[in-house]
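For reference, chains read A, B, C and D in written order, and residue numbers begin at 1 within each chain.
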Amino acid sequence: MKRIGMLTSGGDCQALNAAMRGVGKTLFNGKEDVEIYGFLDGYRGLIYGQFRMLTSSDFSGILTKGGTFLGSSRTPFKQIREPDENGLDKVAAMKQNYHKLQLDGLVILGGNGTHKTANLLREEGLNIITLPKTIDNDLWGTDMTFGFQSAVNIATEAIDCIHTTAASHGRVFIVEVMGHKVGFLTLNAGMAGGADIILIPEIPYDIDKVVKKIQERNDKGSRFTILAVAEGAISKEDAKLSKKEYKKKRAASNYPSVSYEIADEIQKRSGFEVRVTVPGHTQRGGSPCTYDRVLASRFGSEAAKLVLKGEYGYMVAYKNREIVKVPLEEVAGKLKMVDPESSIVKEAKMLGISFGD
Amino acid sequence: MKRIGMLTSGGDCQALNAAMRGVGKTLFNGKEDVEIYGFLDGYRGLIYGQFRMLTSSDFSGILTKGGTFLGSSRTPFKQIREPDENGLDKVAAMKQNYHKLQLDGLVILGGNGTHKTANLLREEGLNIITLPKTIDNDLWGTDMTFGFQSAVNIATEAIDCIHTTAASHGRVFIVEVMGHKVGFLTLNAGMAGGADIILIPEIPYDIDKVVKKIQERNDKGSRFTILAVAEGAISKEDAKLSKKEYKKKRAASNYPSVSYEIADEIQKRSGFEVRVTVPGHTQRGGSPCTYDRVLASRFGSEAAKLVLKGEYGYMVAYKNREIVKVPLEEVAGKLKMVDPESSIVKEAKMLGISFGD
Amino acid sequence: MKRIGMLTSGGDCQALNAAMRGVGKTLFNGKEDVEIYGFLDGYRGLIYGQFRMLTSSDFSGILTKGGTFLGSSRTPFKQIREPDENGLDKVAAMKQNYHKLQLDGLVILGGNGTHKTANLLREEGLNIITLPKTIDNDLWGTDMTFGFQSAVNIATEAIDCIHTTAASHGRVFIVEVMGHKVGFLTLNAGMAGGADIILIPEIPYDIDKVVKKIQERNDKGSRFTILAVAEGAISKEDAKLSKKEYKKKRAASNYPSVSYEIADEIQKRSGFEVRVTVPGHTQRGGSPCTYDRVLASRFGSEAAKLVLKGEYGYMVAYKNREIVKVPLEEVAGKLKMVDPESSIVKEAKMLGISFGD
Amino acid sequence: MKRIGMLTSGGDCQALNAAMRGVGKTLFNGKEDVEIYGFLDGYRGLIYGQFRMLTSSDFSGILTKGGTFLGSSRTPFKQIREPDENGLDKVAAMKQNYHKLQLDGLVILGGNGTHKTANLLREEGLNIITLPKTIDNDLWGTDMTFGFQSAVNIATEAIDCIHTTAASHGRVFIVEVMGHKVGFLTLNAGMAGGADIILIPEIPYDIDKVVKKIQERNDKGSRFTILAVAEGAISKEDAKLSKKEYKKKRAASNYPSVSYEIADEIQKRSGFEVRVTVPGHTQRGGSPCTYDRVLASRFGSEAAKLVLKGEYGYMVAYKNREIVKVPLEEVAGKLKMVDPESSIVKEAKMLGISFGD
């Protein structure tokens, strides 16, 4: 008999339920008896011992459902190592609850922050398997995370909708896409939506080049220009600032986000009317796309296989179309970013897309 | 032989192309020879004589396309009656271009502002037929406008996406829906998306009742609350202000829109974390839904029939499932609003939805 | 305290859950205490006493879910009045179970067949309220049924997909749309999808006119033609046969459905390659569209209001944009059909669509 | 100056326009002057000299459009080498037209059949670059073809719709997915749609094991079972027949396709009611999904790069997330199939999916 814990942590994304279904179905389909304990609201449930035993009906009918039936919470790594308001040692509490339930292993679904804590728990001696979940696709060690393709779909739908309006009115439109540090989502949604300009954190922009591109389009008779701008888009000047200085500068700004500032800059320099659209949290929600459903199911299934074999300390990953395992210690805390010299960026440029660089 | 002009004016919406296709196909399918002249970018094209002759291929393959192939512009009624920067009398110019092209009639697709100008042109002796286009469904004299149902779909998709995120994290979410003066869009999207609270201009809200509803839900174990808030939602106090005073107050506020202010108020009073999502202009864009495609095609067809019969001075309208004609003078300048005592509002309340009143 | 039964009967459709949610939420939100008993699999549950008590959590999270959480079954009216294989009198059994549970009323969601049985139960003295559910929109007494608009969407999506293939290859395509007796679904999907020819049961077709239309399109340079054909489309000759003769003729035919026969006829007479696509049962499934979610919620809410007021013997109906009640005896057994002289058919013809008549 | 020809051949699929847009935009964005000639309806246009010169406006606004704006045709490889009805040598004609237009190269978008002919033209001395297009993802030498993911989406939507109906009525449903020789599409749509049984050409099935799985589900209380069945699904007995014998057997059968036969077999052996749904050609149509838009754009861009560099004789391919070139002679005529021992099949089995083997 095996006793396995499971939790979802961090910002939610599509296909979390599909991935847990993959884990649950595979565990219950195995030859060995398995008990699965679901911790509620991420690490919080593990810290405070909030959980319930899951049955096969918990994993039925959830393949296409957004969100996570276990709930989630954002518990920053920094906070994890600090005592709570009652002085509770969170890491010790997690270990205690793990052992109290006599768990053989713990399956954790999450993104970058989640993986740091997961690795900490591994170092503390717990048997951990993780699944790479994030709409940002910024986890080191895997070609793809689930949630990403679904988020690309939603961001692109926004660009598609804006396209018809922009074309009818002859305007400049900015669609702000999620991604504070990493631009995969913006890059892919921008290419899929036919954006003319794509601004991402990895490629600082020169506002004059952005304006020049818009003017060139206008001179050629294109009535409109669409920009896909990542939340973390940054100008060349700002990129020279220290992290702290930049944070200070942004906090002092009146703009709700960088897109509004870019809009203003363009308007000032070119006279073109610029509108901003922010799909925001919708990018994390809704039913997972088919790509994510398959990927998450496969991840879940292979994670369960590792559990059944007793191979712990790994993140399941997607590499070269296969699901593989990578040591948790190698991926925790590492960010995968868009390489400005990568072929997809070059291809986008060949298509005529400007990155403002 | 008949010579007919056509233009689309005001904020674009879905099914404008479908409606024009309906007009064009019906005109070209008639027994009489017809020439159709499309004016570019709304009234602007009529004022400055920018047009092109349309052929049957212009109307092919556009049924499912968003936007308007003729382009549009917002030309406020007030501006229409003022001379342009070169002293040109716009109304006179429109009449002149109409007569120069020897038009028998002019088909105008637009919303409330557009209809005021259309009626002015009618008073000036031009033969006018209009089609009711707007995502707000706020045109007097018709049960339904095209664009509305497509916009409901997009706003509801946003609520659907937010639902899964809100449920996973246990948060309060505001989805801001288009509609500065009228709440049909918010009301329908809110009901379709299962919003818990709906705030619309026609029903001023009491922030304490809004907060109470959220707390009640929380007390019953509902981890999240979703609010569908119209751009023009207004509190009971603000509703007592004069239009001018309110405008001033809003302008002085730092909030990009009223939703952000409501979010802050809720957070302050309840301690709940509140997030705001603004689908914005996406609500006007994208491919029209099937309902709008059929409705717009029917409108277009009947508008063309009136043209062929030489019956002018009407808006085509949808009443009791039939397309009828209503005199332009009766509808121009009148706003259709949500009646707080209407059965749909009562039904929403029976379902447990709070309007904050 | 009120005790209310509920069941869904007949072929399933979208928004059944949304409608039941409307009933349940309104009943539980009322001042009176209410117990709701859900019978499983339609009348079968009522006959054999299979039910469970429903709580407010049964009605939570089901607004967007297809199908019916109570299950359904097709129990033809004819069979209802016959004893079952064990000699059980079904009508007596239903009455007995109704009284055994001391029900105050019974809410029934269904289509034409369902309504006949519902009316029979009313005649037998039970307190009945019904909701008009069907993808066919063929229920007498209501402008609209829920399920219809969602089915139009799915059938139209099929036509949309076929459009691009047909255009690329220059072929004739038939999309077979559900509807054995009534053509509303085919008519609306055909208009929304831009079909060139629409064949429905109410307007018998002349195959020569169908072929002529295809040839005319070809002569004008249109590479493709799309036909939206109802399952119950019928030729002018066959329309002269008695129901019995026609049934015999169809049974003797080798064609899986009438569309395949029409395809063959076209191919023989014109030489054009014809392909048939049958979306089939997908038209009943999937998440309800926003229009149906609102409509079904409103129906449910008003049905519950009647129950709370003790007004029985009615079907809730949609008339002139309001939810009203119509006496069950007036609607049971009556079919609403497409009027060949109705304005929507005329408008379709003005758009150039052929009905083969 | 470069003169480049382009054509699309074989069954159409999504993202053909997106791919051509990628080629066109990149060619026109290059430093060198380029003329692009589009041949109409596949090889037919090259054979009979039907073409038109393409301008940059041909590549504008087509990113999201299904089909191919150049038209396509299926011209089997066998027929290509035979003279036409007027005795015309097709291969010679193609070469002649290529040289007459003084083309520097020819860009061909197509699937397996198309690649055989493309390779023949290469052997005949023409400068060829190909792009891998097919909903089947069965082209050797590339991890992924464009069209595949869009087709997965459509097939999965059908399964999703069927799911709600099947669950409501407690039935067995077969969804027939495209793929006569290869099962990638069925496998992925089946996994994404949560099918219980997946039957593909590469894994011959035992009907008794299929029935056993259905009965097991029924015994456990699952009211329904969904099968995703490829057009080319084959039983273990039939897999032993020679190709010729099997073809003969199928031709003698009265079933429109193998799914109907499987449905009958299940019904006979188990007594369960089985329904068949055939999404058919809809799987090739409609707007490309975001994944395909990005992939096709990248393919197009890299194909253009090869053309500009004068590197011919290659198919562009997707390998390990990069776009690479593979020699045409290595891929032409080779089929990529599902490996029954591949990890994705094993993962599907761990999830509890039966392949009937």
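As a convention for this text, a residue touches a chain if its C-beta (ideal position, glycine included) is under 8 Å from a C-beta of that chain, and two chains touch if they have at least 3 such contacts.
The shown structure was predicted, so the numbers you read here are calculated from the model rather than taken from an experiment.
**Q** By label order, what chains touch chain A and chain D together?
**A** Shared contacts of chain A and chain D: no chain.
**Q** Going by the average position of its CA atoms, which chain sits the greatest distance from chain B?
**A** D
**Q** Quick one: report the Å distance separating chain B from chain D, using the average Cα coordinate of each chain.
**A** Whole-Å distance between the two chain centres: 42.
**Q** Any idea how many Å lie between the Cα centroids of chain A and chain B?
**A** 35
**Q** From the C-alpha centre of chain B to that of chain C, how far is it in Å?
**A** One centre to the other, that is 31 Å.
**Q** Would you please write down the residue numbers of chain A that are in contact with two or more other chains?
**A** In chain A, residues 160 touch at least two other chains, as defined above.
**Q** What's the complete list of touching chain pairs for this entry?
**A** Contacting pairs: A-B, A-D, B-C, C-D.
**Q** Quick check on the complex: what are the chain D residues that touch chain C?
**A** Contacts found on chain D: 8, 11-12, 14, 16, 41, 65-68, 71-73, 154, 157-158, 160-165, 167-170, 173, 223, 254, 256, 275-286.
**Q** Under the definition above, what is the set of chain B residues touching chain C in their complex?
**A** Touch residues, chain B against chain C: 22, 25-26, 29, 63-64, 143, 149, 152-153, 156, 160, 188-189, 191-194, 289-291, 293-294, 297-298, 300-302, 304-305, 320-323, 343-344, 347-348, 350-352.
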